[in-house]
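In the two assemblies presented below, chain A is common to both, partnered first by chain B and then by chain C.
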Partner chain A sequence: MAAPMLRRVGLGRLWGFAWVDGGSGHRRGSPNGSTSSRRREQSSVAQQPLHTAQKPRKGGHKWAAVVGLEIHAQISSNSKLFSGSQVSFMAPPNSLVSFFDASLPGTLPVLNRRCVEAAVMTGLALNCHINKKSLFDRKHYFYSDLPAGYQITQQRLPIAANGSLTYGVFMGNKQSRMATKTVRIRQIQLEQDSGKSLHDDLRSQTLIDLNRAGVGLLEVVLEPDLCCGEEAAAVIKELQLILQALGTSQANMAEGQLRVDANISVHHPGEPLGVRTEVKNLNSIRFLAKAIDHEIQRQINELESGGEILNETRSFDCKLGCTVPMRDKEGKQDYRFMPEPNLPPLVLYDSASLPAGTESQQVINIDQIRDALPELPSATRERLVRRYGMLPEHSFTLLNEVGLLQFFQNVMKETRAEPKKVTSWVLNTLLGYLKHHNLAVSESSEKPHL
Partner chain B sequence: MSARALWLAFRSGLGGRQAFSTKGSGRITVEVIEHLERLALVDFGSREAVARLEKAIAFADRLREVDTDGVEPMESVLEDRCLYLRSDNVAEGNCAEELLQNSRQVVEEYFVAPPGNISLPKLGEQESFQHS
Partner chain C sequence: MLGRTLREVSVALKQGQITPTELCRKCLSLIQKTKFLNAYITVSEEVALKQAEESEKRYKQGQSLGILDGIPVAVKDNFSTSGIQTTCASNMLKGYIPPFNATVVQKLLDQGALLMGKTNLDEFAMGSGSTDGAFGPVKNPWSYSKQYQEQRRPQSNRKREGTDWLIAGGSSGGSAAAVSAFTCFAALGSDTGGSTRNPAAHCGLVGFKPSYGLVSRHGLIPLVNSMDVPGILTRCVDDTAIVLGVLAGHDPKDSTTVQDPVKPFTVPSLSDVSKLCIGIPKEYLVPELSSEVRSLWSKAADLFESAGAKVIEVSLPHTSYSIVCYHVLCTAEVASNMARFDGLEYGHRCDVNMSTEAMYAATRREGFNDVVRGRILSGNFFLLKENYENYFIKAQKVRRLIANDFVNVFNSGVDILLTPTTLSEAVPFLEFIKEDNRTRSAQDDIFTQAVNMAGLPAVSMPAALSTQGLPIGLQFIGHAFCDQKLLTVAKWFEKQVQFPVLQLQGLMDDCSSVFENETLPSVSVKQ
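Right after this comes the complex of A and B.
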């Protein structure tokens, strides 16, 4: 069993919490049914006496924070994971719902090939081992936006595991230097999204729209290798770029296509890990960094004044700029995982193991997918550095701003000016101008012609 | 006393920590029953229902009599079948009206549900809960 910090108490659904679900963390009351579920049943409460027994020492005693992220990315596909209803962000309520999505009796799940391919592509891009056999399970909990009473996920054996994501963090006060770091990927799994709940507190009711129910999600579970909000933000940004480059997800946080939950704890270096809290409702990268840093500080303050950290779920209130506890009436959640009886194991092949004479539509060849992978952001940046002699930091900025790379490349096509001059102009003059006027690259009136 | 009241009295009296053993008597504790009722929203309304559950478990326990040493466990009875992969085409949906007919209450094409989950009351409060 891994580090004590990874003992989790699933909090499951959060009852009676009243806000409008904008498509972000609401359904993710469950810190996921991935490998963490094995440890789910064990409480971290046992850790608490350790902290309250210690006399808090102010100053001098360093704190280290441990941050683990769980990311849910909506798969960019035409239809849902197990049904043929359309996947679309805006549509009349309940118009993109099939009988299966509404969980009517007599319906069965049918796996969407595109979603499997998206999972394999993402797994390969994140250096994961692709499991040639993976399994589907049911995770049970009751909530109005989950019509079946369970979610089909991959708890026992996910489609990919043990990968890594390399990312860059700006160092120093002037943000001039770049350091590369790596975060380990525990696993990637396919699972269903739930519907959306709109809470109407006035009439004491909840309105349910199942358009999102059954949409394919990739859950990416990271090891708790991160230590602060800045690192988390950089990781999420890089993951966004990768998913967008692959085309497996549009990864737009504001539209709920990318949802991030953070598990945070603090401890003194050399001592056991602390009790962890889960922070949800993070719908932008900026808020993600703020929320994590705030929560780390809150935990430190709490412990230094002799208090204790509760293993709970908190939400980030962007107006107040702090994390607040989410109301929950249920303590430990028991998801009663069971194998999905209607789905055989998912078997993937590579060129060596491809069975002869099978219909190509019915088999997925990992090698074929690997060969067809588009250029990943890290490769793009390397190419820019090699070809134009720019600093790595510049290549990061070019990729991080939407549309800026395209603009830069268009300029380079049209001009005979030195690449270094163009780089400098784009990054300093143009970008400065855009920032000053709060414009996106696409909105600017500047044309690539010089 | 009503059958229900008798049953509740029985359950309150069954406070003893009888171990749930799969061999031997196969007794199920009150805690397990409550836990199951909460999780699955089933109602073990009578001693007979619990007895039936105990019998079902004893029946399934007979599987343990089979010697499975050295035998690789199956993942699913379907494991020798091919998992059919569907093409990513839109072929369903657009039946909101039909689906909404299944709902007791509807507001502008939304299903109406109670606000959040309502926890089952603990044992002891249940009598009044039943009557509310």
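Right after this comes the complex of A and C.
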């Protein structure tokens, strides 16, 4: 099997092949001679369910969209990735900043064990290969919310790679059937979060809050296997559930604990991939789906009217309901990656490779972590289907609504009614009521006791 | 008293012959009188006196903390000192007062040492002369020594009085001058390419570079993270061992320190060197080496041989690539380490307000000197995507080869390598500045910087005075983490050569009062 070509384009990110109809890698910029040669290349790994291509639009010519997601999840830990300052949401500005976070000269990074465990847990839950040795690098750029002038990340050798995430999408006209799909995970890496900048245009100044600077992030890079907003939404939802089940991230998008960037391009099936744009500033799953679908349509419209797509960064304006170009101050960035000299390689062990006589606090044992993994959402759903005979779709809904599963299980404990009846009541009557009144499960006055 | 060894003074303190406060005042007075050397950027008089007071209390109660209790020390101004300005001799950090102590500083203070002040250096430790700092150059005390004044070659074109002083070496020139001029008993330097050993050689001191990973770098404002180590400057090997014993050991704040436990040690007196194998690297015999240094190097080798040691020629084949390799890696790390200086959180900030970028650019232009800016530009060039493989990665590979050269030599039975430290004795400042910083660094680091690339321990020992009456040092290099063995051999050498004491008396009439009522102190090496 030929290995897919990994090309580093644009903002220092890795891109690989997209597995659509023999295409060969995202193109960046205007067509050139080399695309024709790529057209003839075979995509030799194609064993995955076909995407439904976009429905034919006005032009009648079929379009296919390619969506790749990059997710940043804030690690749920007491202290930051490389320093001992606390991690907390909504603290007074610059109250959780250690000397290292403020980049005082002479301070050095010290790796947080909990963050490494979180990364390993997440990697295992996403079926990744955990790299027993991974490395830290510096990614340089100047910005006021990056005190050191560089971010510590894992560019050369991340902690986990080559995994997969299985998710469910509602199919059919009535959206009543569920199909499972899989998206491949390219890699998971540990990196620092930046601080926050607030632009005060009135006084022409920028206010910097470094509370968030140095918080541990898991960057999860997905292969561009997705084709539309709905799939992206389903993937993110599933990832949220997994992270929450693991406890590695609270993954609350509204609080910035989960940030998603989408890379989107369109092309005609059979032809090379189109120029991609990056869409950022998506802070809810709903907006994520909207933004992606809008951007896909925008690109189609643009190309169909003879225009061209610029490789640019766009942001989603939720009021207008569309993507708009972001002021691209960076231009073509060279991040001048360099190994982080103050952090030796991160070495993880499993039971087989653990040297004799090592103290357990000094090392991380992948096998131990694997054994202690909590039940993942997919397992929970399977269990519900098996035990209560409900449809897979129902199990998805139960998990997707915060608190609903707990409620359901509490009811099942108390009642002697048939599971199917309870399921139906919870999902239709109760949920319908909650939706109608815009309430969360925790806010409803209904108690599980009958 | 000020010319005594650390151990001798410690005994004197314990026996009440002198109090910490008296000792402190003497040193402060001498610092004032030797102000023209420009060795200190900041003299922490109040702090030192307060520390002396506390030390005195402890001695009175018979509860001294150890040998270093009450001993005046100085610290190079690139180590963070809590509450005391730390400038790195740069406009960028003028007025910067760190809120924490570097680990090595804390360790000294925990032992009761008195912090006399922060010493001068080349800006951000970049240089080999201590001439390129924002607070002016450091003058080598030996410029004013009886030995030099009597033996120097007469000037062909008579320069203005007072302008023909000599450089102290760099970049830890301030620390070297401070110790050399008896204003303190030990000083911390830093060593990235020879910055502790070079000034030690020029000022007639013991300049020690520990194994990388032995001593914590937390709080040392970095030049090259993968090569920097804190260095120790003293007037005798015993004193170095005392300080090293306090400083060495794992620091959880520095992930590059080794975790093996370290015990403080006294350096044994070696009487028999017949089991020792000394290696002389042939590639270090370069044409630029002054004949005096070459002859002294040869004499030293003979000294070991006639005492029964095995002295053999060895080869470090990749030596000729080390300067270039060092410059690629050094500038790359510098470019990265200096990225944090943007005026936002601390340090100098310019008045430009138009935009963040403009503010950064102006701040950095105003804050850094040409040497620093030059290295940042070079380093960024080497780190560009299109250059990374050919320069940075290539240099890393060459670095591995250079380190392996040492490994191979040490594996073949060699215990210690003996090399020159510098190409010649200290040169006059006016002579030194004829070439630019980069050229000088490339020349002067030639014997010292391969050691940093390999992370090995090394020490420059004062060997003899030149015909002009100036110190010449020789370097010993040891196996990684065999610092104690290295110091043992160095101590034997020290005993053999009996290097003379700097004689400042008579040339600084004011200073005579400091030395009055005392016989001229000699550096005693008895236990």
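Definition applied: the second predicted complex is superposed on the first by the 390 of 450 C-alpha atoms of A that agree within 3 Å, B and C clash if a C-alpha of one lies under 4 Å from a C-alpha of the other, contacts with A are read in each partner's own complex, and residues count from 1 in each chain.
Please note the rule applied: contacts are C-beta pairs under 8 Å (C-beta built on N, C-alpha and C of every residue); 3 or more make two chains touch, one makes a residue touch a chain.
All values reported here derive from a predicted model rather than from experimental measurement.
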Query raised in the report: Who contacts more of chain A, chain B or chain C?
Result: B
Query raised in the report: Where does A:385 make contact in the superposed view: on chain B (first), on chain C (second), on both, or on neither?
Result: neither
Query raised in the report: Where does A:79 make contact in the superposed view: on chain B (first), on chain C (second), on both, or on neither?
Result: first
**Report entry** Which of chain B and chain C A:150 touches, first, second, both or neither
**Finding:** second
Query raised in the report: Touching A:92 in the superposition: chain B (first), chain C (second), both, neither?
Result: first
Report task. Look at A:361 in the shared chain and tell me whether it touches chain B only, chain C only, both, or neither; answer first, second, both or neither. Result -> first
Query raised in the report: Looking at the overlay, what does A:110 touch: chain B (first), chain C (second), both, or neither?
Result: both
Report task. For A:322, decide between first (touching chain B), second (touching chain C), both and neither. Result -> neither
Query raised in the report: Which holds for A:198: it touches chain B only (first), chain C only (second), both, or neither?
Result: first
Query - Touching both chain C and chain B, counted on chain A across the two superposed complexes - result: 99, 102, 104, 110-111, 140, 142-144, 204, 206, 208, 334, 336, 341, 343-344
Query raised in the report: Taking the complex as given, what residues does chain A use to touch chain C?
Result: 8, 99, 102-111, 138, 140, 142-144, 147-150, 204, 206, 208, 334, 336-338, 341-344
Report summary line: chain B contacts chain A in the complex at 35, 39-41, 75-76, 78-96, 99-100, 102, 105, 107-119
Query raised in the report: Touching chain A in the complex: which residues of chain C?
Result: 79-80, 88, 93, 98-100, 102, 217-222, 224-226, 252-256, 332-333, 335-336, 338-342, 344-346, 353, 356-357, 360, 380, 383-385, 388, 392
Query raised in the report: Which of the residues in chain A come into contact with chain B in the complex?
Result: 13-18, 77-79, 83-86, 92-100, 102, 104, 110-116, 135, 140, 142-144, 156, 197-201, 204-210, 329-330, 334, 336, 339, 341, 343-347, 361-362, 364
